[in-house]
């Protein structure tokens, strides 16, 4: 392009500057997020000013209150019809307040709450020097096995920072699902990723693995977010804006005020496709879809199990929420470009996750691969690109998150001298020693396997139904096959627990505090309710399945 | 009057139920209950018989409908009984001979602690046999058909602790099953052809049916008859069936059950008359069997097996006659009845002999018994004269008629069949004389024998209870056993004459079977003469061999034919090699295949996924940078694919 | 809104299962009695159903219908036709005997933790299976059926894998591994079948928009159901595959021998006499009802497979060395008959098939349970380990023989009626297949008699010389079954009267008429 | 000169950064490569903002810097603790969990 044109542009841009007004923020509609962030900040202050011995209680109190309040706020907004009729875009186009965002925010907040219970559990580990300890490092900074660490343990330090970190992560996720422009999306992504990186590093036992998990997660996460950011840059370049609505218009070609001078970049499809692809890739990384899944097993294994549970549940929810919004709001115009690609991704994810899981020997890695396979199933619903698709995905996520947290909570209970006994061989004969725990875990496994009368089946059916209706019958068949494969290893665990003789020096099942019990109980309850009488929640999901544009 | 028909069956059935469910407390009286009830059935039979005689020929068919058995769309099977002259004849034969043999068994099985059960089985057999002959449709007949099979299975294998007995029983049942297959296929064919398998509709619509279908039905019925009546090629079981107690051999494997095949063919006369090809097949089977059985009969040293061979051959005569159509039906049945008398008598005699000889069955260890057991000798002798067709005795009348009828078939067939029948007559004379001589005449070979020879093992372990002694002391059997023998002897002497004088039997049966005089190329007189000649030859040869020179106590090697005949003309070897061995190999290989192939495919798939998984998980090598590589590669693919999509 | 009889029939055992499971560990006997009572109560309810059912009435009776999962077009719809009633009765009749026969099968050897309650679990699981089976016989909503068709696997799986024969040749450890192998095999086979069916179920929803048999039938009648021929066939295959695994049909049968071999006799009976019937029942109701065209299209292949099952199963039964495996292969052969009858598409064939389901249930129960008693005495499943039993335990031997005779469908016993109907029904349409199938009866005689001869006859083996005869409890199990066999063999009318109308409906579903007999056709 | 060239430069930097992540062992260096990628993005943003003549891109660049800074904080913390535990900052040494 020619320099004078650019110059004139520059001047016009210049004299537009003073017209910037004060931003208008609908605090009420953002209240869930704001509450959580506020609580998180309070938590930081607590860390700073409350004496050590009462920090734990203060933190738990603050977090619980905050999460409950946030959930109440979500319900309130939904009751006011912000999910359906009054759905609109708030905060100067940065945040969308609509059905999906509210539904997912509700799910995330609940997941956060249940996760918090497992975080706050301090009955499982044997008391060190007379003070109860949770599953987080006494002092993260202390070198594993060093005198400093011993001292910290002796002094009864606990890392109560985990609570504010959890809250920050939750806040980020809340924004992530409802972000309505790419910048917000990116910031939210970082806001919930960074705390998770830290949480991964904080395991009390097996700290080396924990730190390794954190490093891997961090480096790969940063790597992925760089791609995301580049994608955003390209989309910005394509549309000249980062707001979803604007980009969508440009994609549809319905945008009016195209500056002829910008023909070079504006509406250049290469930019669109590249940017879209990279952005989607960033989200698929968070989802844990093949081939961006490889961090999942290691991180799930290394991270403290409560964190794993929370991460596995909430991250998936948030990431799928963002993915849905991106594909349904921003890129519906280029559906025919991304659908086939997504098909491929969904297929390899379903099969890959299921197949590799067959030979796993560590229960946490096993669950990690199963979560990958599930990501594949959910993608099948995403691909449906229909109202049904959205609602089915929402339903699936809600059901899945509770099963996951519950399952990992059970994992925290099975312990031996070295902490949690995650190697499968140690689970042999668990059904003999403590039938109840084994039965509960079996229920979760059956839900994962999608056996009827569990939430897993209802969700799977909903998703596949949407996919089939959306003309993706082959995908359904492959999904069915891979869930058959997946069934194999879930069954293997059940066989192990019930039909093999208990090992003489096998692990013991710790009796948890009401917190973990609550987490597990909630998991079971939701699993069965969504399995037996899912109609109400399906209605909810259906109502909430419209994105505001 | 119809009401009585059900009672015919009910009585022995009740007996079976009581005796089998009653338990040990009935051990003392069980056998009398059984005998009583079978006799009761015989009495009912007589009552009905007199009633039939009271009616004129065309009203001599009684129908009793009890209940609808299998009502299904377009498929109607009823429990209905039909009593006409034919079934009446059988009823009397079955219940009469049956009762006598019950009586005989009271003595014969005296020392067996499972006597109660034995009588239970006998009653069960009577019930089934009566059901067979009284049924008004083929499906119900089939029930009786398999019922007698079951009873025969239970009775042959009555001494189950003897493997040979158990095997023989199994064999009998299996071979019969092959025949039953024929019957069931025949029934299906009838259903597709006539839409029914009740006698009335089937025989009524024969003319409406196609030739092919009728022939098929006929052949299938013949297959069934072969199985039950031990006709070639399904005859192999009868010899082994002699493992059963002798009364069983007498009742089931001589007098009644084995003749069921003949009944079936005669009963289906309407079908066969319309299917000449099938009839030809029947005659052929009959002719072959009558020779086959006779030859086998000559070679056996086991008295019961020899008699079994003769049974086979005699039934061969009946089947041959039945195959001749209206010319022969009546005589088939007549021979059946007379044979029922004398063959039962012969078997009971044999039983009595064994009874006195510590259950020795090897005739080479008999000899000169006539002065030790006179009654047995006389009754047996009369039976012998009857079966070889000595003029004036039963066999003479019935067999002679059959031979005539065979010739009357006309054409070369007539000559062949007639010739076969004649030869058969000669051989019959030979082997029966042989039995007679070896048993009752000659030197007393049973004296001063240390041990039994291995190749003649005891047929009846009842011996164990009777206290085995090194040397037998032949003695006459008790009254309870001899009386039935005497009665049967009387029957075998006068039966034939009674029937034939004034063709009583013919007129009695004709309304059911129909009758026509064939025009024989040879006159009745000539036939009789020929028969007589054959008879004399047979007897003479036998005398020359076994009468004049002493019988060796151990069987000589004998000619090739003899050796083959001893083994049922190699039939058993054939069965063993082809069916048994072949079957074993087949099943074994199938078991192997099921494990390796069918199961292997599935396990293979599972293992395949396992291996794939093992390989894939190696990608997860723990190095963050390789993960990054996969991400990078994935991103590249994603981008490339997206661009490609647009390009395409 | 009348009293929901069908729901009650299925709910009672379900509740009973929970109650039984809740019985404290020490009160083992109480749990047994509770289970027995519940099963008897269910029987009473089932009889009420039998009484309330009017053969001349509507196709589906005692119907209940409630909305359940609107989004999936799923309704809680129950209703029974004659076939359903017959099978419900069969199930309700058999379970008490199964419970009684398994009285001591689950007494714990070693007591694990104080919360480990195998006995309670055993009976609770049996009741749970009963409940699910009953529901799937009653469901007139495909999805509802599917759910319980699948869910059934879980309790069955624990029954097979958790409880085996006491004494085992290679010791308890080896037994455990074999058991769990059998259980996993059972579960995976059926799960794969079920999941393939799931795909078809989803497809059906996409095509029909709901799962109610009646609505779909009406839609088809009204011509408002647009199902492309190819779609129909694919869906049919999806459904049939699942049912063929369950039934089981060659070559999907290999799970059955393992499962029956490793599980205790009562559970084996539960598998083959009750649970597998769901498969054949579903073929009759869903395959033919939903996809008549496709059913007719697939008939030749299925008939051939059924024929193979008949002969193949019988031949393998002959070759077995393990009593239970032998019975299992015999059952495979019998299921071949059932499937053949269903797809012969004649009313004799289908009535026969339904009758066959009932009779086979009873006869296998009789044979297998007696075999179980035998095995529990000697502690071995190998035929070679027996001999001369009839000498020491005549009653046991006698009942065993009767069970065997029923298996080889001796006329006068119930199975004969059904088997002959199936053969006739097949013969009228496919003579060759009918004739070949008839060979099955010879083979049946072979394996049964060989089994009897090797175990019961011959000289008494020292190991069995001290074997006690049937006890009272065991007689209580066997005698009624045998009585039933004889009664239904002599007077099957009560059953056929119920079944015939239902079969008439199915025949009209597939728009098939019975072939006319030759003489009438000639006129 | 034509501002589009800056885009090419950005792409180049991004690729260099990515390659660095793939080939370098030292966690710190890997992390710096990621930072390089982020800055490449910034360059792209600014360039586009220049092209489109609206300031969004430049604003985003600032956000990115902040995010990058935050990442440094978290990242260094993790990497340093790893280094102190193992006396090595090599990513390849951290491979306890695999398969």
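We just call them A, B, C and D in the order they show up, numbering each chain from 1.
Just so it is clear, a residue touches a chain if its C-beta (ideal position, glycine included) is under 8 Å from a C-beta of that chain, and two chains touch if they have at least 3 such contacts.
All figures in this text were calculated on a predicted structure; none of them were measured in a lab.
Enquirer: Which chains, if any, touch subunit A and subunit D both?
Expert: B
Enquirer: Out of B-D and A-B, which chain pair has the most contact pairs?
Expert: Of B-D and A-B, it is A-B that has more C-beta pairs in contact.
Enquirer: Among all chains, which one's averaged Cα position is nearest the averaged Cα position of every protein chain shown?
Expert: Looking at where each chain's C-alpha mean falls, the closest to the middle is C.
Enquirer: Between subunit C and subunit D, what distance separates the C-alpha centroids? Give it in angstrom.
Expert: 65
Enquirer: Could you put a whole-Å number on the gap between the CA centroids of subunit B and subunit D?
Expert: So the centroids are 97 Å from each other.
Enquirer: Using mean C-alpha positions as chain centres, tell me how far subunit A is from subunit B in Å, no decimals.
Expert: Subunit A and subunit B have C-alpha centres separated by 81 Å.
Enquirer: Report the inter-centroid distance (CA atoms only) between subunit B and subunit C in whole Å.
Expert: Measuring from centre to centre gives 37 Å for this pair.
Enquirer: For subunit B, write out the residues touching at least two other chains, lowest number first.
Expert: In subunit B, the residues touching two or more other chains are 606, 617, 620, 622, 624, 628.
Enquirer: Got the subunit C residues that touch at least 2 other chains?
Expert: Residue numbers touching two or more other chains: 188.
Enquirer: Please output the residue numbers of subunit D that touch at least 2 other chains, ranges allowed.
Expert: As it turns out, subunit D has residues touching two or more other chains at 18, 21, 30, 91, 94-98.
Enquirer: Using the touch rule from the top of the page, what pairs of chains touch, sorted by label?
Expert: Contacting pairs: A-B, A-C, A-D, B-C, B-D.
Enquirer: In the complex formed with subunit C, which residues of subunit A make contact?
Expert: Those residues of subunit A that touch subunit C are 391, 432-436, 446, 451-453, 457-458, 461-462, 464-465, 468-469, 473, 476-477, 480-481, 483-484, 487-488, 491-492, 495, 498-502, 533-535, 538-539, 542.
Enquirer: Would you mind writing out the residues of subunit D in touch with subunit A in their complex?
Expert: That would be residues 2, 4, 7, 10, 14, 17-18, 21, 27, 30-31, 34, 37-38, 40-41, 44-45, 47-49, 51-57, 59-60, 63-64, 67, 70-71, 74-75, 77-79, 81-82, 84-86, 91, 94-98 of subunit D.
Enquirer: For the complex, which residues does subunit C have touching subunit A?
Expert: Answer in residue numbers: 67-72, 112-113, 115-117, 146-148, 150-151, 153-154, 157-158, 161-162, 173, 176, 179-180, 183-184, 187-188, 191-192, 195-196, 198-199, 202-203, 205-206.
Enquirer: Flag every residue of subunit A that touches subunit D in the complex, lowest number first.
Expert: Those residues of subunit A that touch subunit D are 1, 6, 9-10, 12-13, 140-141, 143-144, 183, 186-187, 190, 194, 197-198, 201, 207-209, 211-216, 218-219, 222-223, 226-227, 229-230, 232-234, 236-237, 240-242, 259, 262, 264-266, 297-298, 301-302, 365.
Enquirer: Write out the stretch or stretches of subunit B touching subunit D in their complex.
Expert: Residues in contact with subunit D: 617-618, 620-625, 628-629, 632.
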